[in-house]
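Labels for the chains are A, B, C and D, by order of writing; each one numbers its residues from 1.
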Amino acid sequence: MHDQTKRSLFSAMLRIRRVEEALATRYAEQMMRCPMHLCIGQEAIAVGVCAALRKEDKVFSNHRAHGHYLAKGGDLSAMVAELYGRVTGCCGGRGGSMHLVDLDVGFMGATPIVGGTVPLAVGSAWAASLKGTPDVTVSFLGDGCFEEGVVHESLNFSALHRLPIIFVCENNDFSVYTRRDERQPNRPIYRIAEAHGMPAVAADGNDVEMVSSLVRTAVENARNGRGPQFLEFDAYRWREHCGPDFDDHLKYRSVQEIESGMNNCPIDRYRKVLLQSGCLDQQACTGIEAQIRKEVSAAFEFALASSKPTIKDAWEKVYA
Amino acid sequence: MHDQTKRSLFSAMLRIRRVEEALATRYAEQMMRCPMHLCIGQEAIAVGVCAALRKEDKVFSNHRAHGHYLAKGGDLSAMVAELYGRVTGCCGGRGGSMHLVDLDVGFMGATPIVGGTVPLAVGSAWAASLKGTPDVTVSFLGDGCFEEGVVHESLNFSALHRLPIIFVCENNDFSVYTRRDERQPNRPIYRIAEAHGMPAVAADGNDVEMVSSLVRTAVENARNGRGPQFLEFDAYRWREHCGPDFDDHLKYRSVQEIESGMNNCPIDRYRKVLLQSGCLDQQACTGIEAQIRKEVSAAFEFALASSKPTIKDAWEKVYA
Amino acid sequence: MHDVAERQLTFAEAIRESLDQAMEKDSRVIVIGEGVPDPKAIFNTTAGLCQKYGARRVFDMPLSENGLTGACIGAALSGIRPVMIHQRIDFALLAMDQLVNNAAKWHYMFNGKASVPMVVRMIVGRGWGQGPQHSQSLQAMFAMVPGLKVVMPTTAHDAKGMMIAAIEDDNPVLFIEHRWLHHVSDNVPDYYYRVPIGQARTLHEGSDVTVAAFSYMAFEALIAAKSMSMEMGIGLDVIDMRTVRPLDVESVLTSVRKTGRLIVADTAFRTGSIAGELISQVVEQAFSFLKAPPVRIASPDFPTPTSPFMAEDYYPGPQTIADAALDLMGKTKEADGYRRMSAVLVRKGPHDAPNREFSGPF
Amino acid sequence: MHDVAERQLTFAEAIRESLDQAMEKDSRVIVIGEGVPDPKAIFNTTAGLCQKYGARRVFDMPLSENGLTGACIGAALSGIRPVMIHQRIDFALLAMDQLVNNAAKWHYMFNGKASVPMVVRMIVGRGWGQGPQHSQSLQAMFAMVPGLKVVMPTTAHDAKGMMIAAIEDDNPVLFIEHRWLHHVSDNVPDYYYRVPIGQARTLHEGSDVTVAAFSYMAFEALIAAKSMSMEMGIGLDVIDMRTVRPLDVESVLTSVRKTGRLIVADTAFRTGSIAGELISQVVEQAFSFLKAPPVRIASPDFPTPTSPFMAEDYYPGPQTIADAALDLMGKTKEADGYRRMSAVLVRKGPHDAPNREFSGPF
């Protein structure tokens, strides 16, 4: 991997982190009046996956969408404006954090019904195959999705027609406050995909290079007619399920667990690697931080300066 | 296995066959005015499974229910009367062929939405586990069910809570006129169950003794707290998907295929085995046939002599 | 009555032709559903399509109603125009999530950036013991969802034209077909034409009572109207609603302003039916024109029993409509011509198979 | 107003207590839902139950809405009495098949041999950007299904009593809770009591206009009624419908025969709402008593937008109801006391969070 590629993997992760930290901080002002699910701690997956994609490739996401959206190249200002409910938001304010879209970069949409976009991603891959375009589609899905029947239906159909889709499972072991072992029997998730007839791999989702290289292979397979590919990545959600805060006080997971999750920070880990290998130095780091800081405050300024929609706007576009 | 047991396996299969043949013959009179899915050719599964159950054990079934109902001990006259839409029918005429029930023998119900009763069977097993009764529940499901999400949800939940349920898949390779390879990728069905975390076996569904002994083991496991068990049995549907006739003329399957399916007749096979081993002789066979013939005509007489419900009856029992 | 064309097709044939012509015209159109390419070809409405357009555009489908609805939505978002088919509308209950949460809302949620041009054909079963799970008329359940369009054509002519309009529409359109209309024929032009979604159509003119009817009930209302007019000189204004969402209330209002009397006839369970919605809208807007309270004709509020002996009096028919019209006019069964009319209306064939006495054209 | 009891509980606390007492009384009752035993305990309505009754009776649940609904039906058929919970009613769309095809029909299909005694709690979201997929009011979709019962209590008193009645009922009862009622308190007796399903209740008496309202809209109607009475001397007869199926039309008819004017206020999208059904039934039965066409108050026919700036005028409130009542009486905004009333009705807090000004008791 080129040094430049490594640096962009790193800064893409850092950018997502900083954006979300800024969102978390400013959420308390109560001007972003919508539910928000942060992906802090899980950035390596979003970034590793999207780095292996072309702009024309498609991505479908879920309630925890910020990272996917940004990694795929989604417009930061339009995202922040969306959280502030402004007309310049990527959905004109109609969606909020749980509904992001940027068709220009192949980010097809995110919605919060668990598993809800998975069959849509399959449909997108199906369309590519019908139209004969070379695009692949990525479906980001949480560990919770494997309890939803529609996800199995999606796996079955994509395997049946050997569609160019890559399922990326972000396994953070939780659905809200419920651990996986209270929702699923003791068996690996990727085996489900395997049983549906597609190649499946499980790996550490905190290692951005590993994520990216696995996805690169999967994309190549999918793009070359070898059908759907499945990747399961471990991850750890640092903050509360929904909202900006940490949630140690709820005690549904131990402080040790949270600490060990945070100690496995994909960004710190990668920074260390890059510093050690000389691919990055302290100054470059500072430069990246500064650049991100500038971009983030510009996005907030843009959002706050944007005009507010009214109920009149809300009457529009019920039908195409 | 005792000779007596073998003989009853044989006559149970033959009884189902003769009942359905009689239904098929008389269906043309247009007095049984409801859709009807015959299981002719698939009798060994119904009989082998139910022979391994106690009366208190529960069974849930689907649109192709006659065999399951009769094998579990369901009242033949009430079934025939149900097909004739009479008040003495097991549903008082409200259901017809696709809705059978006989609670006295643990036949909990059959309905025609594909996969629809599978989670109910799981709920029945769950209830047994909550109440601490030793009953197991059997869910009969076709190969088509593995495309329905709800079935995966059911497998997941039963494995999670290690419920006393046995899933029996009758794989006849068809959903209506569509072969399995047009609906599912090329992978074995039982592997799906395995991936959901339960022991799973596939076997020949035309060998009634094999079916019964596999189910016996599965029942023992389920009854003893070892969680859900999965069995997949090959089968061949001889007649049309819905209706009394053969359907060679539709040409969705070759005459050779149909012939080889019918050559594998579970009843003929078993008769031969039992005759050879001396467990059965020609005279006993004739006796069994005669006995069944008597029972069948009595059932039709009962049905036809039963009174007809009216719209007044239909207004009743919307609510408990 | 409409375009002059001597050619007669059944409703089922008209559907087939509309799919054929739409696929011919627009290579983005695909057809998918359980049994689409099988020997029975969805009551023959998809016959020959797979042979003509190939297995890449005409699909069978796994038994995955929700997942495949989602896949069709995803394909529609990506430039494909899927026509999805459920042999029984009851199966579509499995797909409510995708239809309501995604198909209906995607265009709106994403501020019009994308749209979901898909058609879902759903067939309402009836007769021969279809029973509780295979004969529900669920139109109101879909019609209450903003973002969906729901059509229920009655004539073969409209079936073709509305199917084409539905396929060309950039929104999700649920196309509900009553099974008992499939064999009824009508003049159907052989060219490619549209019948607009959202417009009702008068099937029979009269100035005494307005009968706004949906799908098969419009067929029954027409039979009632003809006999009433012939035998009793009573004029029913029969409006075939054709679309369930958006409702063409305007056409009903116009008629009610003329007749002052309204019957709404629906194929669904009475309570919560779209008939109630229509009555409510008419009353809200034309209260002062009504000479009597509107009347709703629908199926009783219990599941459809299988037994033919129970199903016999389950469905309202032309006689029910005629009796309600008489009532509204304050006339009794002693009225002149009533017996003659009833003698005409009496069903001759079995009650649980489609009426072959009148099989078109409209 | 009802049982004398000085104790005040919020709606959420009342639900919790009802579950607690029902579980105590009947060991067949179990509670299951996503998050039931988690630290947030379904907005605290299940807090402590798992500790008290154990993990065999108080369950978390996989994200399998349809499958688990089926499992609950199966358990209910086998002598268990499950209470299933969806944190958003929108998720129940995934379970339509099991609810409509099985739960609603099992007792009927099998001739009364078995029944499905289960309760499904479904919470309607509102405010703070819940948005299009998390704030639908889907009661009409369920209420149109014969075999289901659907309740929507408004007061904490009724929440407890109707939950107990629902759990004791041998039929599937859908128990719909508006999130914005959870914090509202009322006199709630500490003993085990039932409030019958299918009976409306008058929250405020008046003889000028009948307001039949559902759930949170009954709360809004009560606020309107108090101010109208106080400031304008106009009397609204506010009927809290409490049950959506079966509808207590009789109570509305009685009131309409007195007032001659009807407003129906619903929390749902306007078209296809249960408000239309109720208006239609009232008109069919009390046409001659009506002095003016009935009026429907509901949400507009588009998905709920997330942005607070768009959501601000999305929901009708007390002012909408008051204005409609004035209209019906032929009065204008110039009428005496109108300004004073409007000043009282104006929202002080943010529009997208529950109104804390009036938080009970009723």
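Observations
Going forward, contacts are C-beta pairs under 8 Å (C-beta built on N, C-alpha and C of every residue); 3 or more make two chains touch, one makes a residue touch a chain.
Quick caveat: nothing in here was measured; it's all calculated off a predicted structure.
Touching chain B and chain C at once are the following chains: A, D. Put simply, the C-alpha centre of chain A and that of chain B have 46 angstrom between them. Averaged C-alpha coordinates put the centre of chain B at 43 Å from the centre of chain D. Annotation: 32 Å between the Cα-based centres of chain C and chain D.
In chain B, the residues that touch at least two other chains are 91-92, 94-95, 99, 111, 113, 116, 147-150, 152-153, 156, 160, 182-184, 318. Taken residue by residue, chain D touches two or more other chains at 62, 64, 66-67, 90, 94, 97, 101, 108-109, 131-133, 146-147, 301-303, whereas all remaining positions touch fewer.
Contact topology of the protein chains: fully connected, every pair of chains touching. Touching chain C in their complex are the following residues of chain D: 66, 90, 93-94, 96-97, 100-101, 104-105, 108-109, 131-133, 136, 140-141, 143-147, 245, 247, 268-269, 271-277, 279-281, 283-285, 287, 290, 292-296, 301-303.
Remark: chain B residues 33-35, 85-86, 89, 91-99, 111-116, 144-145, 147-150, 175-178, 182-184, 250-252, 308-311, 313-315, 318 touch chain C in the complex.
Looking at the complex, you find that chain D touches chain A at residues 34-35, 38-40, 60-67, 90-91, 94, 128-134, 300-303, 305-314, 352.
If you check the complex, the residues on chain A that touch chain B are 146-153, 156, 159-160, 182-187, 191-192, 194-198. For chain D in complex with chain B, the touching residues are 30, 56-57, 62, 64, 66-80, 97-98, 101-102, 106-117, 146-147, 149, 170-171.
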